[in-house]
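In what comes next, chain A is part of two complexes: it sits with chain B in the first one and with chain C in the second one.
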Partner chain A sequence: MVSTPSHSKHMDSQFLTPDFFESFSAKRSWEPGWLADFRKDSWDKFLSLPIKKNKDERWRFSPRARLGFSNFDQLAESPKPSILNGQKIEGILFDTLDQTILNAPSSLLDLPNMQGPNLGADDTFLLGCCFSELGVFLKTEKGIIEKKPLKHCHFAPKNNQSLFQTNIISLEPFSELTIIEIFESEVMDTGGTLSNLSHIKLAEGAKLNRILIQKVNQLSTFNHLESIQLGRNSEFTNISLQLGGAQSRSESKGVIAGEGASFNNFSLSLGNGEQLFDQRTVQHHISPHGKSNLLYKNALLDESKSIFSGLIKVDPIAQNTDAYQTNRNLLLSANAEADSLPGLEILANEVKCSHGATTSKIDNQELFYLLSRGIHRNVAEKLIVLGFFDEIIREAGTQETIELLRDEISHHFN
Partner chain B sequence: MIKPSNIEIDREKGNFHYPTSKYAFDAGIGLSEDVVKYISDVKKEDDWILDFRLKAHSIFDKKPMPTHWATKDLENIDFDVIRYYLAQGQKPSRTWEEVPDDIKNTFERLGIPEQERKFLAGVEAQFDSEAAYSHMKEDLEKQGVIFVGPTEGLRDHPEIFKKWFGKVIPSSDNKFSALNSAVFSGGSFIYVPPGVKLAQPLQAYFRINAENFGQFERTLIIADEGAEITYMEGCTAPKFETSTLHSAVVELVALKGAKIQYITVQNWSNNVYNLVTKRAMADEEAEVRWIDCNIGSRLTMKYPGVVLKGRKARGEVLSIALANDGQHQDTGAKMVHAANETSSNVIAKSVSIGEGRSSYRGLVQIPGHLRHCRNNTECDALLINSESQTDTYPAITIKGDDNSVQHEASVSKVSEEQIFYMQQRGLNEAEAMSLYVNGFVNDLIREFPMEYSVELKRLIDLEMEGSVG
Partner chain C sequence: MNSIQIDNLSAKIDGNNILNNLNFTLPKGEVHAIMGPNGSGKSTLSKVLSGHPDYDVTNGSAKMDDVELLGLSPDEIARLGLFLAFQYPIEVPGVSIANFIRAALQARMEEGQNVKAVDYYKELYVKMDELGIDKSFTSRSMNEGFSGGEKKRCEILQMSMLNPKYCILDETDSGLDIDALRVVSEGVNRMKNSERGILVITHYQRLLDYIVPDKVHVMWDGQIVRSGTKELALELEERGYDWIKEEIAAA
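Let's look at the complex of A and B:
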């Protein structure tokens, strides 16, 4: 076997060796040929990745050593994600990925053509394509409108294991759906890495609301790469709450591919200890009359650190685009750090685009007001953070989901 | 990617050209250790300066081009076909009469009024790599202000300049600062003694005159405690057929309570690579202000910076960029906070016309141990045509719970309603557009001294010609 420098340094991890891949594919020889080819192809691409360059703008400010795979020696085959409801709803296909491969592999035929966000974590993406056995597959039929949120949970593995998953969510024209995605840990006392690839596709006039809550334990690493395709007049609202993980890298790319599509991407992160949140986003407008609005808020305690790198890209054809990008950071301790790289690349002239980034501390007057009423400092900080997050939480739709988000945040303070 | 411009522009405008054969010193083309030694030898420099140059040359050889983030157009620079040193072998002139006629002609073509030309005392007009005209007003001398070229500065006043030379911007800062450190010639070295407040701005005109001849001026301005100085540089360049490289290093040192204002109007011709490193160090309660206007050049990469080293230091960058067909204005600002209670402000406005591209690149750093630091950044971009492009790439690193930053950027196009309104009142479309653009940058242009703001408005009018329709 040829050994290239890019993976030789990972040799401690048994799943990054050519031998392991051989045995992995042997075990899955029952899979359709195109899927086996796709896994092999991804593996070959992984092997031929260029050696990490010291200076890669896509990794600026990021402590890369914390986000590699070399600390994880085994590939996890479990735990499976659980689907809490929705499996039996008329007009909605909703199952785990392994079941879908087994029962309806033809519905996955498009998988090899699905692009990743391509914002830096090439290795994570290719390994995800190569080793994903688990994940969920969700597809609505045309015109299906489901009011009740569909919920699925994913679990980070234990004992330095590495788990790769792929989620495919596809909405046919004029269907509407709310989904709640939870990421948590299987056990609390050890942690591995959970790498999750999400492909979300909205056809014409489809509407998707998604709430994502990430609360894996603080020994785990969380990688989340998602790419979202928005068709004509479709609407996607994403609210993600990032609480867990020793370190996490999230890449999110929204492509406004159809005319008049609308993309709201909101994220809240609450860091303590030495948590790291590495966030990379792109809003890519390739069609006219599109709207996108991104708001990432980070509240950082202790020695936690956030990196926000965002880009609005407007192609020459995407006239009459409205695109906004905002990053707000609240530093609650002297050792917290927020890096912000808000970017714009505008090639059309009939546009309204803006971005803003602010980093600040707690308003002393607000704090004084609360303290003077006998509220403990910890509680006061919690209240201020909840207030800081509120404009996003309020977007979460029903009272139930709003309360869910508030509870998760409060819980993190105790 | 910038296409070589094949647009019809009046290239004769500002076409000052002289035969290069009369240059007394010519280091030939290409860069080697011998060229560096030769330049140093011609200038009769001390050994330490030669060592400095040679060290910089080896750094230049080792440093990669910054193409992992910058435009690929940089790869089109061929360092082997550039002349790195060229001078007429003349000493800086003392009086107006001693200035050679051809240089006076250049002033003529530049349209400097007769009155002002006589008043050019205190102006360092750079002709190629040597200061051709250097005359200080007597009262400047009386106040103890030193205003010389780098060769004289390092030779005659090493006790003042050696301490800071290459300290604000080390040779190893980037590939082009290393290049400049190796082959620099020309520029201004200024020292303002404690408490001296210069009422009038000092000015320098730079121009490039020989084909493929990069200009590598070096400027070091030191304002001692409580001193105040305003320095202006304006650029015009003659027409050339192949690309030219301009790579300057400008270092400013503002000691306790000093104020430095550095004003640039850059209007190189459309084939010049303008790759400039500018940085200031601001001590306690000092104030440094960069006012930067980029209209010309093929590619400009310039990010004036301020290192806020002393308590209550203040840094400011006001930047205007105009990118027309075939141009890329890649400008920005860097603010490095290194002391408590420091504040910085960046306001950048860019206009992209035709196929022009303007980029803002910023850096703000506030480490965690500091208290009460503040930064404000605003960038506004205006797009005139549908082929125009604008980018914004700020980088902000903030630590600590007692500092605050805010960054805002917006992109907009010319409002059709307003153009319509002006046309209704009898302006034609081009005039209306020009008025609109002037209005967009007006609040920054007001910060320039009067004659510069008039000149700038004329330049904007000129750039807007033929940009509509």
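Let's look at the complex of A and C:
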């Protein structure tokens, strides 16, 4: 055991002490030994993390203190469990993480090898590996095609507590699935921090559509660290809608690992008050003939702020890659702020790649036009934002999911 | 009084005086036309009445049915019943015509009431049909990529859906082909009634053959300098504006 009484980086957080980790481990003594080892191993790695540097490119522009764990002193004791929605489907294993640890632990054997996106929030990732209790495990058998979306819902804790969870989604060859992931808050009057590690793996020819809606309350912090592995000719389309959180950090790393894989990564954030959206992404091409298309759109009201930092990385072997990365920001107030750091690192020569970022203010003539029709200002802004988001919303597949997104966005203006 | 009543209205933009002590009355039930050289302030007048924030009103008043418009926000003015058909309609990307007009109607409903979708689309389609606008336009983004004439038709579509008390049509005829001019004019004429005042701003007497005005006014340098019957428009068509300028200079 490490002897320092309290880890100097996280003085304030009670749960970041060796004693706490011991008691946490004791509570979970029913788990298989390999999992206990993995938690312990992650804990040790956490303790040996270097002290945060002030000049860390991976945190550029980020008011990092706002995202720290010191704001949340306790681990949630009895957090509201994730809710899974959807009947039992032949060929699909879909359960909470705890149930999977109990009932099918062998399907989790790979967990210790699963990497995080590694885009800066190493501490969050390692703590997630130590302390994850909730989350889902979803795995399709080969060739299973399910049209009806599977839905799961997760909750940020209350009373300033912290919660870690892990979602594992794995599609076997040629299976197809749509999932809807919701993140909200247990209660509205107090907040907490929810840190979600997510591992998504698509085998050959698999297709996954994912809609993610994040609407934790504005007293909460949301961390989302996601790694995606795309196998040969697989396709993943993601639409994330980020509405909630006083502050959030999302790291997304998509590895185009198999030849001909295709990754569409779309994100919409809508901020008001003093919300902060800190977004870090990588599209890493390590196989030829892959496609990736990233579009992050942020609409910012009041004093909200977004940071987008993206990288397209194309390895020498990944010839004939098509990779695009775009960040567009719409400022609806003079005090809103968007920072953008697009990046390319292309080591193959036969590629089509582009990246771009634009930030524009709301067009006053456009606003006047809507107002001149009698539309109230907040509705006019809502329409302009829905219009700004429209190219992504339209990708949401069915009319039902399109309406779901539009409704969620509309609620944010009420 | 049931009218738009403008008294001694002065307004400027970026420090330039554009409207200079302008006086004008549009009673309800009547159609008036304003003509005048480029830059004389016609669009400025329509924007000031609509509450455009870029203009500074330095003097005067503008009342609609005895309610002072100056100082109200554009959406309040619109809900009170003023409609401006823009000289240059604005593109609203990603917002369909159907959703746009529906939001405008919704804004006029009482709390807790909603636009009834079936009735709404029925009315919308009838009016689109009357104005020769294809149904496929309902889902297109407002004005985005529309031709000049399509934009103008769409302004009149909005106007007829929103049922305003007073309408200002700023050069609605420009950009319209000969057939469209007739179709749009018929659309405006359908809206003429004893409860509504209509102001058309135009450069061309031709429009006034279709939409026959009760009065014609000439605007020059931010003022109404002449008012007359529809024959005044014919005279302007024939003689241009120079004679008016000379008369003003002489006075």
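Everything that follows uses one rule, which is that the second predicted complex is superposed on the first by the 399 of 414 C-alpha atoms of A that agree within 3 Å, B and C clash if a C-alpha of one lies under 4 Å from a C-alpha of the other, contacts with A are read in each partner's own complex, and residues count from 1 in each chain.
The rule is short, and it goes like this: contacts are C-beta pairs under 8 Å (C-beta built on N, C-alpha and C of every residue); 3 or more make two chains touch, one makes a residue touch a chain.
Computed from a predicted model, the values in this text were never measured in an experiment.
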Which of chain B and chain C A:C353 touches, first, second, both or neither: first
First, second, both or neither for A:I375, with chain B first and chain C second: second
Comparison of chain B and chain C by chain A residues contacted: B
Chain B versus chain C as contact partner of A:L383, first or second or both or neither: second
Contacts of A:E400 with chain B and chain C, given as first, second, both or neither: neither
Touched partner set for A:E366, first chain B, second chain C, both or neither: second
Partner chain in contact with A:E391 - chain B first, chain C second, else both or neither: second
Chain B and chain C contact sites that coincide on chain A, given as residue numbers: none
Interfacial residue positions of chain A with respect to chain B in the complex: 53, 55-57, 60-61, 316, 319, 329, 331-362
In the complex, chain A residues that touch chain C: 363-366, 368-377, 379-380, 383-384, 386-391
Chain C residues touching chain A - in the complex, by the definition given at the top: 50-54, 73-75, 77-79, 83-84, 86, 89-95, 99-101, 103-104, 106-108, 141, 158, 162
In the complex, chain B residues that touch chain A: 68-69, 368-369, 381, 383-413
